[in-house]
Structures are given as C-alpha cells and as structure tokens.
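First the structure, then my questions, so here it is.
Which chain is which? They are A, B, C, D, E, F, G, H, I, J, K, L, M and N, in the order written, and residues in each are numbered from 1.
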C-alpha cells in the first residue's frame, strides 16, 4: 500500500464517481428541455424548426456539463499527472 | 492486500457504481421526454412524425450520458491503465 | 483475506449493487412513459397504434439503461478479468 | 474469518440488498402505470380492452427490471461462482 | 467470531433488511393504484366491475415485487446454502 | 462477544428495523387509499358501499406488506433458526 | 462488555428506533386521511356520518402499523427472549 | 466502560432519539389535518361544530403515535428493565 | 473516559438533538396550520373568531409534540436518573 | 482527553447543532405563514388588521420552537450541569 | 491532542456548522415571504405600503432565527466558556 | 499532529463548509424572490419601480444570511482566535 | 503525515468542496430566475427591456453567492494563512 | 503513505468531486431555463429572437458556475500549489 497503490486506487474511483454523478444533472436537464420542446411543438407545429433549433443549442449547452465531467474523468484515467509522477519515481 | 488486490478491488466497485448511478438520470430523463412526446402525439396526432423524430434525437442525446458512464465502466474493466501497470510490475 | 477473497467479495457486492440501483431509474422512467401513454390512449383512442408503437420504442430505449447495468453485473460475475487474474495467479 | 466466511457473508447481504432495492423502482413504476390505466378506463370505458392490454404489456416490461434483480439475487445465492471457487479450494 | 457467527449474523440482518425495504415500494405503489381506482369508481360507478378487476390484477403484479423480497428473505432464513455449508463443516 | 452474543444482538436490531421500516410504506399507502376513498364518497355518496368495499380490499392488500414485515420480525424474535443453532451448540 | 451488556444495549436502542420510525408513516398517513375527511365533510355535510365512519375504520387500520411497531418495541423491552437467555445463563 | 456505562449511555440516547423522531410525523400529520379543517370551516361555516369535532378526534388519534413514542421514551428513562438489572447486579 | 464522562457526554448530545429535531415537525406543522387559517380568514372574514379559535386549539395540540421533546430534553439535563446514579456511585 | 475535554467538546458541538437544526423548521414555518398572510392581505385589504394580528400570534407560536432550541443551546453553554460537575471535581 | 486542541477544534467546526445550517431555513423562508409579497403587490398595487410593512416585519422575525444562529456562532468563537476554562487551566 | 495541525486543518475545512452550505439557501431564496418579481412585473408593468424596489430590499435581506456565513468564514480564516492562541503558544 | 501534509490535504479537499456545493444553489436559483424572465417576456414582449434589466441585476446578486464560494476556494488554494504558517515553520 | 501520496490522492479525489457535484446544479438550472424558453417561443413565436437571446445570456451566466467548478478542478490537477510544494521538497 505504497503511493502507487493509493493514487491508482483513488484515481479509478474518482474517475468513475465523476462520470456517474456528472451525468445525473445533465440527463435530467436535457429531459426537462426535451419535454418542453415536445409540448411546444404540439402547441405550435408551424414553428417546429425554430423550436428544434433552440432545443439542440440548449441541449448542447447542457450536455457540456456532462462533457466537462467526462473530460475530467478521462484526464484522471489517461493523463493523470499525479500517477505519472508516482510511476516515474517508482521506476527511477 | 498488495497493490494488485487494492486496484483490482476498487476497479470492480467503481465500474459497477459508475454504471449504476449513471443510468438513473438517463432513464428518468428519457422517461420525461417520452411522457411529453406521448402527450403531444395525443394532442396533435397529425404531427406524429415530427414529434417522434424530435423525441428520438433528444433521447439519443440523453442516452449519451448513460453511454459515457458505460464507456468509463468498460475502460475500468477491460482497459484499465492502473491495473495494467500493476500486473506488469507484479509479473516483472 | 488475500487478494482472491478481497476481489471475490467486492465483485459479489458490486454486481448486486449495480443491478439494484440500475433498475430504479429505468423502472420509474418506464412507469412515467406508460402513464403518459395510457392517458393519451384515453384521450385519442383512434391513434392507439401510433401511441403504442412510440411507447414501446421509447421503453426499449429506457430499458437499455437497465440492460447496461445487467451487462456490467453479469460481466462482474461471470467474466471478471480481475478475478481471472487472481485465480490464475493463485493456481500457478 | 477466511475467504469462505467473507464471500459467504457478502453474498448473503448482496442478494438481499439487490432484491430489496431492485423492487422499489419497479413497484412504484407499476403503481404509476396502474394509476394512469384506471383513470383512463374511467375516462374511456369503451376502450377498456386496449387500455388493459397496453397496461399489461407495459407492466411486464417494468416488472422485467425487478426480475433482473431477482435473477442476480438468485445467482448470488444458488450459482455463485466466487463461492464455488472458495469451497472447492477449501475442500481440496 | 468464526464463520458460523458471521454468516448467521449477516443472514439475520439481510433477511430483515430485504423484507423491510422491499415492502416500501410495493405498499406505496399499491396505494397509488388504489387511489386511482377509488377516484375512477366515483367518476364511473357503472364500470365498477371492470375497474375493480383491473385494480386487483395490477395490485397482484405490484404485490409480486414484495413477494420476491419475502421469498429472498425466507430463503435466507430457512434455506440458506451458505449457512448449510458452514454448519455442515462445523459439525464434521 | 461470542456467537450467541453476536447473533442475539443482530436479531434484536434486525427485528426492530424490519418492523420500523416495513410500516412506513404501508401506512402511507393506506393513507393515500383512504384519502381517495373519502373524497370519492363525498363525490358519489350513493356508491358508498362499493367504494368502502373496494377500499377495504385494497387496504387489506396494502396491509399485507406490513404483515410480511411483522412475520419476518416475529420469526427473528421467536423462531430464529440461527439463534436455535447457536444456543443448542452452546448448551451441548 | 459481555453478552448481557451487548444485548441489553442493542435492545434499548432497537426498541426506541422501532417506535420512533414506526410512528412517522402512521402519523402522516392518518393526517392525509383526516385531511381528506374534513374536506369531504365540508363538501357533503349531509353524509358526515358515513364519512366519519369510513375515516375511523381507515384510521384504525393505519394505526395498526404503529401498533405493530409498539408491540415489537414492548416485546423487546419486556419479553425479550435473547435477554432472558443471557441473564439466565449469567445467573446460572 | 462496563455494562452500566454502556446501557446507561444507550438508554439516554435512545430515549432522546425516540421522542425527537417520533414527534416529526405526528406534528406534520396534525398540521395537515388542521390545514384541511380550517379550509373546510371557511367553506362551510355552518358546520363548524361537526368539522371541529372530527378534527379533534382525528388529532387525538394522530397524537397517539407521539404518545407511544413518549411512553417508550419515559420507560427507557424511568422504568428501564435492562438498567434495573445492571445496577442490581453491580450493587450485589 | 469513565462512566461519568460517557453518560454526561451522551446526555448533553441527546438533549440537544432531541430539542433540535423535535422542533422541526412542530414548526412546519404550525406553519401549515397558520397558512390555512390566514387564507381562510381572507375567504370568510366574518368567521374570523371561529377560525382563530380552531387555529389556536390546533396549534396548541401541535405545539405539544415540541413540548414533549423539550420535556425529555430537560429531564436529560436536570433530572437524568442515569447521571444521578453515576455521580452517586462516583461520590460514594 | 479526560472527562472535562470530552464533556466540553460535546457541549460546544451540541449547542451549535441544536441552534442550527432548530432554526430550520421555525424559519420555514414562519415563511409559509408570512406567505399566506401576504396573499390574504392582497385578497382582502380591508381586513389587514385581523390578518396581521393572526399572523403575529401564529409567528410568535412558531418562533417558540426556535426559542426552545435557543434556550437548550444557552443552557448547554452557560449553565451546563454536567460541565459544572466535571470542573468542580477537577478543581477539588 | 490535549483538551485545548480538542475544544478549540470542535469550537471552530461548530461555529461554522451552526451558521451554515442556520442560514438555510432563514433564507428560504424569507424567499417564500418575498415571493408572496411581490405577487401580492402586483395584484393590489394600491396597498403596497401595507404589504411592504407586513413583509418587513415578517422578514425581521424570520431573520431572527438566523440571528440566533449567528449569536451562538459568535459566542462559540469569541466568548466560549469551555475554551476560557481550558486556556486558563493550561496557563495556570 | 499537534494542536496547530489540528486547529489549522479544522479551520480550513470549516471555513469552506460554512461558505458552501451557507450559500445554498440564500441563492435559492433569492431565486424565488426574483422569479416572483419578474412574473409580477409582467403582470403589472406600470409598477415596475415599486416591485423592483421591494425586490432589492428583500434580496438584500436574504443576501444577509450568506453574508453572515461569509463573515464567519473570513473570521475563521483571518481572525481565528483559536489559531492565534495555538501559534502564540507554539512560538513562545 | 505531519502538519504540512494534513493542512495541504484538507485545503485541497475544502477548496473543491466549497466550489462544488457553492455552485448548486446559485445555478438553480439563476435557473428559476431565468425561467420566470422568459415566461414573462413571452407574456409582455413590450417590456423586454425592463424584464431583462431586472433579470440581470437579480442574477448578478444570485451569482454573488457563487462568487463568495469561489473567493473562499481561491483563498484556500493561493492565500491560505494556515499553509503559509506551516511551510514557513517547516522551512525555518 | 507520505505527504506526496496523501496530497496526490486527495487532489485526484477533490478534482473529480468538484466537477461532478458542480455540474448538477448547472445542468438542472439550464434545463429549467431552456424549458421556459421553449414554452415561451411556442407562446410568442414572433419574439423568438428576443427570447433566444435572453436564454443564451442567462445560460452563459448559469454555465459560469460549472465553469468555476471546472477551473477549480483544473487548478487542482495541473497547477496545484500544495502538490508543487510537496514534490519540490521531496526532490530537494
């Protein structure tokens, strides 16, 4: 249970936790937006284009928070500076 | 309880946790979207095509957050760099 | 309490947790979708076919998140690479 | 408190937890669906057949998530590969 | 605090937890269904028979999730294979 | 703190927990059903008999989940096979 | 901290926990029922008798879950078989 | 930290916890009942007597769950058989 | 960390916890009652007297659960039999 | 870490916790009452006096639960009998 | 880790916790009151003065619970009798 | 891990926790107030001035609870009497 | 695990926690305000300017609570007096 | 488990936690705003431009809280002063 073990273990757990929790808000937020878009299209079918466009721009923005979490998660798995340091030191 | 045991144990738990929590938001968000789509089709049966198309594009986007969690989960099980390092070192 | 015990124990717990939590969102999301479908059929009985078709496609998509959790759970029980490694090593 | 004790103990707890949590979402989701079906039948008594059919197909789908949890729970009690390995090894 | 003590202790706790948590969703789901049925009977007294029949079939299905939990709970108390193994071994 | 102490302690706690948590859902579910029944009687006083009959059958079914919890609780207190085994062994 | 201390301590805590948690659902369920009864009496003052009768029967049924918790709590305090065993053994 | 200390400590904590949690549901349930009663009196001022009577009977019934918690709490403080046993034994 | 320290410490914490949690339900319940009373007075200003009277009797009843918690809290601080016993014994 | 340290430490924490949690319910309850009062004044500006009077009496009653928590908190800081005993004993 | 360290540490944490939690209810309660006041002014602009006056008196009362928490927090930081005692004793 | 380490560590954590939790209620309360103000302006555009003035006074009051938390947080970081004492003593 | 390690570790965690939790309330509060603003603009398009102005002033105020959290977080990372003290002492 | 291990481990976990929790509020807040915007466009299609502009400015502001969390997360991974200090010291 040296530094490599500790940092590796925590990185695995953190990456998973980050993606898991980071997807909840995003998915529910997009669900709310899609819900409103679908009700609005039913109310104003003539403006489907404008509504769909707004929906997708909004969803892209909401998706961005899940992307941030994915990015942090990927950095922790594949480009983790703490891990790099630890294995460099252990290898030296 | 060396590094292999620790990292393996945490990877198993993290992969499961990530998929488990990552599916909650996604499923509920899609449920909300489907709910709105079905109510809207009942309200405007003539626009079923447009509503269904919007629903499926939105659902694909919402599903993407569950996919991210699945990807992180699979990486942790089958392409885990921390585990690779640990077994390489143990095997050397 | 060697590596085999640890990894086995955590795999059992993780598989159960993954399926347990992964089914909550899915079941509630499908419940919401079914609720809307039934109310919509009552409102527009003439479009039962379109509504039912949309419901089942949506439910299949929502069910997919529970399937992901089931898949991760099965992998952890029957094709767990960490466990394979541990018993191979113990058997060697 | 050897491996048999540990894996047995965790399997018992996991099987119970899996079934317990896995039944919550399913039961509430079916309750929502049944609620909507009953209100819809009251609104459109002439379409009781279509509504009931849709309800039961939907409920079967929602029930499936509880069945998944039950299956995982049963596997952990009666066909647990980790337990098989541990008692085989202990018996050898 | 040998294996018998551990597995016995965990079995008792798991059986109780399984039944306790497993009954929450079921009871609330049935409450929702009953609520809708009673409101619907008040709205359409002439279809009491159809409504009651649908209610009881739905309730039976919802009750099934509590039954699953009860079954798992009973198995853990009276037909627990882990306990059988432990006392067989201790008695041998 | 031998096996008798452990199993006795956990049995006491589990029996109490099981009854405590198992009564929440049941009581709230019955409250929802009673609420709907009373509002329905006020709406359709002429069908009080049908409503009350449906209410009591539904309540009996909801109560059954609390009864299951009570049964498990009583089994754990008065017919606990793990405790029987432990005291038999201690007395032998 | 022998068996008497342990079982006594856990019995005290369990009895209190059981009554505390067991009263929440019951009180809220009865509150919902009373709420509906009062609104219904205001709506149909001529059927006060029928409403009050239904209310009290329903409340008795809801109260029963709190009574179960009270019974378990009293058994744990005054007729606890685990405690009887422990003090009999200690006194022997 | 002998048995007297342990049982005394747990009794104090349990009595407080029991009363604290046991009062939440009761107070909120009574609040809901009072809310409905006041709205009903405003709607049907001519039936204030019947409404008030029903309110107080219902409140007494809801209050009973808090009373149960108070009784358990008082028993644990002033008539605790586990404590009696412990101090009798210590005094002997 | 003898019995006096333990029981004193737990009594302080329990008294505070009991009052803290015991006041939540009561305050919210009274808030709901007051809310309904004020809306009702605005609706039926001519019956302010009857409404206010009912409000205060109801509030007194709701307040009683906070009073119970206060009483338990005061008993634990100023008339705690476990503390009396401990200091008597320590002083003897 | 003698009795003085323990009891002092717990008293500080308990006093803070008691005031912190004890203020939540009270503040929200008063907020609900104020909300209703303001909406009622807007609805019946001619009865502002009666409404304001009822509001303030109700708020005083709700405030009382926060006052109880404050009193317990102050007693624990400035008139704590457990602390008095501990420092008297330490000083003797 | 003597008494000074312990009591100092706990005082810091308690003061922060007390203010943090104590501000939640107060801020939300005031938000509800302000919400109602603004809607009421929009409904009855001619009575802005009466509404604003009632709002500020109510807010002052709700604010008082946050003030209590602030006072307890300040006492724990700047006039903490437990700390005074500890440093006096350490200094003597 | 002497007193300086302990008190410093706890001060850092407490200051962060205090600001973090203390901002939740405040931000949501202001959100509710702003929501009502904007809806009211849309309803009564002629009274924008009065509404905005009331909004800002109310928001200032709600903001005050976040300010209290900020003040406590700043005191704990920059004017912490417990820290002053500890470093004075360590420096002496 | 000396003071530097402890204070550094806690500062990192506290800064992250503070920003994480501090952003929840703020984002949701702004979401509520934006929601109301957009609905109001749709209702009164002629007053878009006044509504937008009020929205942005309100949002700035709500944002301020997130800013406070960011400030505390930055102070803990870059101007942490506890850390300064610890490294000064360690360097001396 | 020296300072490098500790600070590295905590930094990894904190960065992940910060991004994970920091994205929840933001995503839900943007979802609410998008929901309102889409409903408003359906209500006033002629003002799509004004609504979309307001939506995007509001979303940018809400997104800012997620950006703050991302910034703190990135600082902790790539410009962490505590880590710099620790590795400098370890390297010296």
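The rule is short, and it goes like this: contacts are C-beta pairs under 8 Å (C-beta built on N, C-alpha and C of every residue); 3 or more make two chains touch, one makes a residue touch a chain.
If you want to know which protein each chain is, UniProt gives these names: A, B, C, D, E, F, G, H, I, J, K, L, M, N = ATP synthase subunit c.
If you're wondering where the values come from, they're calculated on a predicted model, not measured in any experiment.
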Discussion item. As a quick test, compute the distance in whole Å between the mean CA positions of subunit B (ATP synthase subunit c) and subunit K (ATP synthase subunit c).
Written reply: 42
Practice prompt. Just give me the whole-number Å value for how far the CA centre of subunit A (ATP synthase subunit c) lies from that of subunit B (ATP synthase subunit c).
Written response: 10
Worksheet item: Among the residues of subunit I (ATP synthase subunit c), which ones contact at least 2 other chains?
Response: 1-2, 11, 13, 15, 17, 19-21, 24-26, 28-33, 35-37, 39, 41, 43, 55, 59, 66, 69, 73
Discussion item. Going by the touch rule set out above, what shape does the chain contact graph take here: line, ring, star, complete or other?
Written reply: ring
Worksheet, complete the sentence: Starting at subunit G (ATP synthase subunit c) and stepping to subunit H (ATP synthase subunit c) first, the ring reads G, H, I, J, K, L, M, N, A, B, C, D, E, F
Worksheet item: Which residues of subunit H (ATP synthase subunit c) touch subunit G (ATP synthase subunit c) in the complex?
Response: 1-3, 6-7, 10-11, 13-15, 17-22, 24-26, 28-33, 35-37, 39-41, 43-44, 46-47, 50-51, 54-55, 57-59, 61-62, 64-66, 68-69, 72-73, 75-76, 80-82, 85-86
Fill in: subunit L (ATP synthase subunit c) residues touching subunit M (ATP synthase subunit c) - in the complex, by the definition given at the top
1-2, 4-5, 8-9, 11-13, 15-17, 19-21, 23-39, 41-43, 45, 48, 52, 55-56, 59, 63, 66, 69-70, 73, 77-78, 83, 87
